[in-house]
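Input: structures, listed below.
What follows is a pair of complexes built around chain A, which joins chain B in one and chain C in the other.
Entry: the complex of A and B
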């Protein structure tokens, strides 16, 4: 029943897509100044049916309708309600439907909200976006249909992977999807702009909001994924330079560069070709990332039962996208010449773009090189954190310096009137760093430079915030928040990296372990039966030997029944100044448990600063008045 | 028409990347255990975790009738569940080599003291490179080879009763 409804809705969307392309094409030839009402209607119907098809699938999951293979494979009657819903996008087919939903919704919103812009440009955008929609609809129907039915109907489902049963992870895919798939609309708009010749400042204005929306969601999605890895995977880290994480970072670098150069295009009507390249690149990288993650080329927690036929389809579509983008770009773009004064804001924004391009290329090479080498020569290597840390971290120093002073410069040309202020802030940063160095312990030269520049950026942003509050300078609130957040982020990651403690040992119930600053007492063990898992809970008493503060930590070993899996839930005591992190794992045929204890300073501030970076974007979205 | 060399380079580069991806899709069955069976193991050399003067390489396996190469680490919980079977196997007509994957030496030694040592040699692979060259992507994994270094069985995940029985059948 649901299967038929779902498939009919998807087919309807498919037909509407063809109709939209056809009518938009006809409308291009008329001399009418406005877009035909029928096109709006078609687009609205398309959106409604797409959303309905997604709700059909959600209903299937809520009612545990196991006549749908997708529900049977990814859900279970005993699963909590919230995770039943989250199960909808916790698998390949469902997430593809969500992907199509976002394509369609963005397509409609772009059409409606950009009513002031050129008709040809909007129609071409609609056509390109619908070509993308068609591509993914065919993929869904031919290869990954979430509405495929199964007969006889199974009585029980197989269940959702327990490590995915986490609130952070339930919202992580939708956030990232809005971020990644949202890029599609300015991919289409960039193609439309090249063909219709609608460029420059007006083009920048038409896509600005969409770039910001997708940037905000991408940033937030990456942060939530990272928080999940920290709390759920139990490794005690928050970023692993895992190929899958890198795949999400690649479009982020491109979109961050785009967001900045778009300001130059809007203010100075230059860098048009570069903006177009970034628009195209961002979505191409998003799809490339999806290809890498879904095809099984990379092995990771994200590999939803990899299937090469999926890979082939995405690859064909990706090739089609890239080559049509390249051909249109090369035939339509005109050479641009521009000259920027060294002491102008545009120069600094351009510098931001160079750094972003550098980070992008580094991460791209680090991610793709092992794949290339494996495919071409059969040699397997793994490129891990050391490579990225060595190549990226030193470059963060000049990056933050430019990021601090860049916003001080005005457009076109500025004077050196803020030289003394900068010098004073630099000296303050050095002094603060000396204090940290003196009171908390020694660290390397590079760490010193990182701390100094991070503090420099923080001080600059705080000063800007003060000017903003005192009404001296009424612009750039969102920039101040994001830059301040970034400064704090680097600062706290540095502190965390420098001063983390880690202990690894075995204990049995009743034993006490003493470390330099802590005494860990393994009091007892409890077994708890929960709705969809059984938990072995350890009870630990932790005494801080410095101030005799006692805390209790209860790490768990969870045994999920459907499918049967063990997961290790870290016990984390989060305080403003540090996180105490304790995981336990059983040692079979022995009464001992393996304990991993970590003290990680300012962990929570890493999340707060990262969220602050994203918040800057959201602030700008909500501010009505166009600033900066 | 004027030929633009930059454009040609960009096109070629992208076409090449897409080609590699396409090849990679076919190759991703590398990780399929059935593909490794029948192939010879690659050359390697590892240092003994207990004695840094001793090395082991593929040549040493030629004198064993059967060798089970087991990849383990002290931090790996499923490794503990298969340990019992390894101990039982060590009394049979089979030599077991342990490769300690991305682990701290002291932890690995404690692990073996605590649970028993089924291995006649424990190779240290602290950065995991040798294991990766064996096609290992997660531990525990085990590879059963015969005296001419051909893989006859590969086990992904911990050894259980069924796998244990199969190994016994193969080495008879």
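Entry: the complex of A and C
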């Protein structure tokens, strides 16, 4: 029943897509200044039906309607209500439907909100967006239909992977999808701009908001993913340079570069071609990421039980996208002349783009190299986290320097009025770093440089914030917040990395382990029965030997029955200054439990500063009018 | 004669070119240092030039009944159904580390039959198996 409703709705959306393309094409030829009302209506219907199809699937999950294969494979009647809903996008087919929803919704919103812009440009955008929609609809219907039915109807479902039954992970995919799929709209807009010749400043204004929205959501999505990895995966880190994390970072670098150079296009009407390239690249990288994750080529946490046919379809579609983008770009783009003064803000924004390009290339090589090597020579390798750390971290130093002083320069040409201020801030940064170095412990030269530049950036941003509050300078609030957030982020990651403690050992119940600063007493274990899992809870008494502070930590081993899986739940005591982190695991029911204990300074500040970076973007969205 | 503007531009292009070559070289160089090769127990046994004391990965199935735990570490045997290798590891194992399931150990080879791991990777999906291990098993388990 639901299966029929769902498929009908999807087919209806498909037909509406064709109709939209057709009527939009006809409307291009009329000399009428306004877009026909029927196109708005078609687009609105399309949006309504797509959203309805998604709700149909959600209803299937809520009611545990196992006549749908998708529900049967990914849900279970005993699953909590919230995770039944989250299960909708916790699998390949459902998430593809969510993907299409976002394509369609953005298509409609772009059409409606850009009413001031050129008609041909808007119609072409609509056409390209609908071609994308069609591509994914065919993929959904032919290969990954969430509404496929199963007969006889099973009585019970197989359940959702317990590791995904987590609040952070329930909202992680929708956030990322808004971020990654949202890029589609300016992919289409860039193509439309090339064909219709609607470029320059006006083009920048038409896509600005959409770039910011997708940037904010991407940033938030990545942060939520890291937070989840931190407390769920149980190794205590938050970034692993896992290929799939990298896949999410690639479009993020491109979009961050885009967001910056878009300002140049808007203010100075230059860099048009580069902005177009970045628009195209961002979505192409998003789809590439999806391809890597869904095809099973990469070996990672996110691997959905893989099916090579999916990979092939996405790869074909991806190549189609890249080729058409290249062809349109090279036949339509016009030569531009640049005249940048070295001491101007645009030069610094361009420098940001250079760094972003470098980071992007590095991560791309590190991620794809093993795949190519395997295909070409059959040698199996993996690229370890040290590669990324060695290449990227040193470059963060000049990056932050430029990031601090860049915003001080004005457009076109500026004088060095702020030399003494910069010098003063630099000296303060060096002094603060010396203070940390002297009182808290020594670290390497590179770490020194990282701390100095991070503090330099923080001081600069704080000063700018002060100027903003005192009404001296009324622009760039969102930039100040994001840059300040980034400075703090690097600073706290540095501190955290430098001063973390980690102990790994095996204990029996009742035993005590002494480390340099702590005494860990494994008092007992309890068994607790929950709705959909059984938990073995350890009871640990932790004594800080320096101040005799006693704390209790209760890590869990959860045994889920549907599907049968173990998860380790870390016990985390979060304080403003540090996190205590303890996980307990057990191998083949031996009497020894493996304990991993960590003391991670300023952990919570890493999240706060990362969220601050994203917040800058949201601030800009709400303050649009008086910004810049 | 080249005008000042053209000269400036040529200089700019050359420096960009050199900088990107330098960057690229730097990336590849670091890449080369941080590659982890993946081998099966059979490959370790048969290859002459296997490096000792360098980080690498070994993968296969955890042999049934081979896991022993003591106060200091965990020992188990990785098998590809032809050859075996003993792994010693101290630290947390992932939740899907179970007998007769796929596993990848990262660490150093101390001799051809003994491997000291600093990390154990097992994947988070109960149905999922790393492609490398799938291949080994398909080859040997016939």
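The rule we apply is simple: the second predicted complex is superposed on the first by the 622 of 628 C-alpha atoms of A that agree within 3 Å, B and C clash if a C-alpha of one lies under 4 Å from a C-alpha of the other, contacts with A are read in each partner's own complex, and residues count from 1 in each chain.
As a convention for this text, a contact is a pair of C-beta atoms (placed from the backbone, for glycine too) under 8 Å apart; a residue touches a chain by one contact, two chains touch by 3 or more.
The structure presented is a predicted model; accordingly, all values stated were derived computationally and were not measured.
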Partners on chain A (chain B, chain C) - clash or fit: clash
Contacts of A:361 with chain B and chain C, given as first, second, both or neither: second
Which of chain B and chain C A:566 touches, first, second, both or neither: both
Partner with the higher number of touched chain A residues, chain C or chain B: C
Which superposed partner A:590 touches (first chain B, second chain C, both, neither): both
Partner chain in contact with A:143 - chain B first, chain C second, else both or neither: neither
First (chain B), second (chain C), both or neither touched by A:381: both
Which of chain B and chain C A:504 touches, first, second, both or neither: both
Clash with chain C, by chain B stretch, listed 1-9, 19-27 or 127-135: 127-135
On chain A, positions contacted by chain B and by chain C: 296-297, 299, 306, 380-382, 504, 506, 566, 568, 585, 587-588, 590, 592, 594
Contact set on chain A toward chain B in their complex: 291, 295-297, 299, 306, 308, 311-312, 315, 318-319, 322-323, 326, 330, 368, 371-372, 374-376, 380-382, 504, 506, 566, 568, 585-590, 592, 594
Interface residues, chain C side, partner chain A - complex: 23-24, 26-28, 30-31, 33-39, 55, 57, 67-74, 90-93, 95-99, 123-128, 130-132
Contact set on chain A toward chain C in their complex: 161, 163, 233-235, 296-297, 299-301, 303-306, 358, 361-362, 365-366, 369, 379-384, 386-387, 390-391, 504-506, 563-568, 583, 585, 587-588, 590, 592, 594, 596
Touching residues on chain B, where the partner in the complex is chain A: 4, 7, 10-11, 14, 17-18, 20-31, 74-75, 77, 80-81, 83-84, 104, 107, 110, 114-115, 128-129, 132-133, 135, 137
